[in-house]
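Presented below are the structures under discussion, each in the form of structure tokens.
Shared between the two complexes below is subunit A, which pairs with subunit B and subunit C, respectively.
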Partner chain A sequence: MTRNTRILMQCIYWAFVLYLLVPLFLMMLMGFKDSKFIGFPIRSWTLDWYLGVFNDTAVVQALGYSAVIAVVSTAIALFMGTWIAVALTGRSFWGRAIILGLTLLPAVIPGVISAIAFRIAARVVGMEPGMWAIIWSHAIHNVPFVVLVVMARLSTLPKSYGEAARDLGADPIITFFRVTLPYLTPAMIGGGVFCMLLSFDDFVRSFFLGGYEPTLPVLIFAKLRSGMSPEINAISTIVLVLTALLGLWAERSMRGMSKRAAND
Partner chain B sequence: MTDVKDPIVRIEGVTKSFGSFIALHEMNLNIASGEFVTFLGPSGCGKSTTLRILGGFETPDTGRVILNGKDVTALPPNKRNVNMVFQDYALFPNMTVRRNIAFGLELKGLGQAAIKARIDELASFLELTAYLDRRPDQLSGGQRQRVALARALAPDPALLLLDEPLGALDAKLRAQVQVELKAIQRRTNKTFFFVTHDQEEALTMSDRIVVMNKGRIEQDGTPEELYFQPASRFVAEFIGETNLLSGRALAVDQGSAGFDWQGHQLRATSTPGRAALAGGAATASLRPERIQVQRDRPATDNAVQGQVVNRLFKGHRMLLDVAVGETTVQAYTDTDRGRELADGPVWLGWNANSLTLLAD
Partner chain C sequence: MTLSNAPGKADRPGFWGRLSGFGPYAALTEVLFASPRRQFLVLLTIPVIWVFVTHLGPILQMLNVSLLTNYPPSPNKVPSYTLEHYGKFFTEGIFITPFIRTMVFSTVLTLTTLIIMYPVAYFLARHVPRNRQMLFLMLLLIPFWVGEVVRIFAMMILLGNNGALNLVLQFLGLTERPIPFMYTGFSLSAGIIYLTALYMLMPLYSALEKIPANYSEAAADLGAGPWTRFRRITLPLSLEGIASGCTLVFLISTGMYATPVLLGGPSTTLFSEVIAGFFHVAGDQWPVGAAFSCIMLLTALAVSGGFNKIMGHLAGRVKK
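This part shows the complex of A and B:
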């Protein structure tokens, strides 16, 4: 590569980074503006919008509601997804491809379609709109991601680990809990964080299946209808920082654990 | 088959196939308590299948495995008093060395104090005391190998299986570990069932070697028996270097035989049961280091004349290619003599016990 093309490549790279980050940066910036209207010029600065978020009970409640939904739906998705991944790995049986296909289907169905389907199904089975309906739809939507990461991890599990455990006196259940499951932990943490972020971020399913209590994205949407205000910027920035921290933590701890396992 | 009194393991008529591939033809074998038995052979010869059947990871199609007088053929690995050192060691990456060694002890239901005592005993024995709180990824290859050994020895198995455990070590360390492993086996007086494709490893450590080929036992004997009295062409070629002479068997007696090779009437030895070879085409094995090379006719049972055509310097000795008639015979000599004999005619001499008549 010549020097000029290298410089050109770097320019393109930084232009792309700018393109990605400028909207986010503007969003954060506007949260500090001491005025009800978003836009330049900024004449004076304030922390009121950020402080206001924590005093807005509706926002705090929605945040808690979203967090509970994210945690519970992720727990269900992890349980189901790991179970399916383990069941599908290591042996071939009739219908394996069909089960795998059906498991992965929710990940590719458009959100609106699946939300409507869930809504209809909820009514058929007599499930009230609300938290459990949202959790149910989020869990099913997230199972495929767990299955994929756990299966990828399982495929690197040396067969001899399980055999060594059996050899040393462990029955299949002890072998699973003491050898297989610890080996899957990094993938489960990664998959779990991803599920939480997906659930936290979800608007369509939460909107269709929700009751009177709004999740955070639904609340933001409702607030938008009464006009854009810097408070929304402040909420969004806080959520951005929290999710970025969560993602970073998951990435780091996962890398450490996978490295340890891979080195052995 | 070697006669074993009071065997700890009896393999009786065991066969195993995978699809159309026959991994083991009917196998019968007894292993004595405290023996270091090595299964030696190329990949696909059935040695690993035998090991996995003993460990309980494969079920034989027919036959029985008797351990300590009890039929264990249908028992899963966790119900057998047999432990294994895996080729990749299979140390649990999420556990420290201590937890790895404790694994089998906990499952045996030992108390905390007993577990600790056993770990300390093994750790000091295998020089692992300083590493007990490390994780497997913080250990060197040799240390991991010792942890795998400690973990497998911890539950005090009646039989220890070792699946090519030295394959991952470099050559120098491997030589050292061979000596250590043999010493450990002597001190613990455990029965070791070792699987390898490395003939040198097998010769160094074993009390007894079982050479496998294509799912059958080719020969079963002490390392010296195998080396000096190979029963078949396969064994002669697989273990060490050898010259295979093609000729005709003459009279075959109990133990001794005549062998016609390019018109030379040679005296050879034969293992029992080779009488049928008499009068027909046959092959004989002659180890290169058992040949004397000199200018004058040597006073050995057999002597032939030849011409040195090539020399290979190997440090403390030299490998000579000597043309005899239409074939070339390889012979080792010490380096000084090799230099003197560089050109000109030489005599090759060897005794009857160095020329072994083989079954093809």
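This part shows the complex of A and C:
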């Protein structure tokens, strides 16, 4: 590549970084504006909006509600996803491609359609809209991501480990818990945090399957539709910081763990 | 790698040793793992049931409801099967327009995202030193941990009439009155690209990163110019990344709901908003919504499937 195209590409990269980060930065900034109306210029500053978030019971409740949904749906997705990945790795049998295709299906269905399909299915089986309906839809939507991450990790597990365990008299269940599962842990933590973020941030499924209690994204959406105020900025900023911290922590711990696993 | 129990503890039976000596457990494993075939069936039964019931089930139920005359069931109307809801889509023009708009819009946005993200991914994979690639990638990844609604809101602050962009434009004297960016195709596109760019970046980056640098060097030694090297080496070898990136972005942008509601206006109504409308109003509109969802799902999967087939064909020709 010539020098000029390289500089051009560098410019595009940094322009894109600005495009991604500037709106979020402005959003944080606007939370400090001492006025009810969103928009520039900011003439006086206040911390009230940020402090107010913690006194707003609706927001705190929604935060807790979203967190519970994220944790429970992730636990289900990890359990099923790992099981499916273990069952599908290293075997070839009739219908494997069909099972794999169906496993990945929830990840490729456009968001609205998946939400509506879940809404209809919940109605058909008699499940009321509410927490369990949301958890159930998030878990199903997240299974494919767990399967992909765990399968990738599983494909690097030397076959001899399992064989050695079996030669030493371990049955398949014990082999799984003492050989396979410890090896999969970094992938499961990474996949799990990814699922938690997906669930915590999900809007469309929570919107269509939710009852009267809103999850945090649904609450922000409702507030946005009824009018913008710096309060939403403060809420969004807190959500942003929480999710970014969780993401960064997962990224670090996952890299650390796979490095250690590679060294051992 | 380390196992949970250190070897020193082996002389005393640990939890697992005691478990395998435990009568009922031993009897159970005896039955479950009697032969490799049975072991395989035990392992596979639950995943197969899960996948068919929960992954495929809701889609089939949606298909079923789309063929019913009325749903949710009411005591005085017994549902029977009909195709009228599908007919509604083709006969009433007000539904076709948002549908075509969604498909064209998603296609154009997918290509735009590709054109923007290709140089970014190329720069990251080829020009940033290995040890700093993670840092440069992080800068792009952090915003994607933030939810859809929050990012749309951030976009609204940037593009609003009192937004930062208008402030800058007015300050520079490029415009006197604020330009109404919001609730137009522009704000909607900016929002969708903002939300989907990562799904284009990651496949492109991993495809480009795999291409050995000496391919291009060898071609340069043989006298190929930069454009030829790109067209004959880099582009063909990154086709798979292009294919998966485009598929993901296309499918995600057709299924967006909060974005068109918040960033779009009356002239940019997308099909997802039309479908959602049937589920908001009380009454027996569900079958129509379900039928429209089926039409959209089939079209979206057919378009991305066809696209992947063509790309696979092209990538196959490269390998030969």
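To be clear about the criterion, the second predicted complex is superposed on the first by the 251 of 264 C-alpha atoms of A that agree within 3 Å, B and C clash if a C-alpha of one lies under 4 Å from a C-alpha of the other, contacts with A are read in each partner's own complex, and residues count from 1 in each chain.
Throughout what follows, a residue touches a chain if its C-beta (ideal position, glycine included) is under 8 Å from a C-beta of that chain, and two chains touch if they have at least 3 such contacts.
The shown structure was predicted, so the numbers you read here are calculated from the model rather than taken from an experiment.
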item	value
Contacts of A:Val179 with subunit B and subunit C, given as first, second, both or neither	both
First (subunit B), second (subunit C), both or neither touched by A:Leu102	second
Chain touching more of subunit A, residue-wise (subunit B, subunit C)	C
Touching partner for A:Phe207 - first (subunit B), second (subunit C), both, neither	second
Which of subunit B and subunit C A:Val239 touches, first, second, both or neither	second
First, second, both or neither for A:Phe221, with subunit B first and subunit C second	second
First, second, both or neither for A:Ala164, with subunit B first and subunit C second	first
Which superposed partner A:Arg252 touches (first subunit B, second subunit C, both, neither)	neither
Doubly contacted residues of subunit A, that is, touched by subunit B and again by subunit C	169-171, 174, 178-179, 182-183, 261, 264
Touching residues (chain side subunit A, partner subunit B) in the complex	158, 160-161, 163-171, 174, 178-179, 182-183, 185, 259-261, 263-264
Subunit C residues touching subunit A - in the complex, by the definition given at the top	1-5, 16, 19-20, 29, 33, 39-40, 43-44, 46-48, 50-52, 54-59, 61-62, 65, 72, 116-117, 119-120, 122-124, 126-127, 136, 138-143, 145-158, 160-164, 167, 194, 197, 226, 230, 247, 251-252, 254-258, 261-262, 272, 275-276, 279, 286, 289-290, 293, 296-297, 300-301, 304
Footprint of subunit A on subunit B - complex, ascending	55-57, 76-78, 82-84, 86-88, 90-94, 103-104, 107-108, 135-137, 151-152, 155
Subunit C contact footprint on subunit A (complex, rising order)	1-2, 5-6, 8-10, 12-13, 16-17, 19-24, 26-27, 30, 37-41, 80, 83-84, 86-88, 91, 93, 99, 102-103, 105-106, 108-121, 123-124, 136, 140, 143, 169-174, 177-179, 182-183, 197, 200-204, 207-208, 217, 220-221, 224-225, 228, 232-233, 236, 239-240, 243-244, 246-248, 251, 261, 264
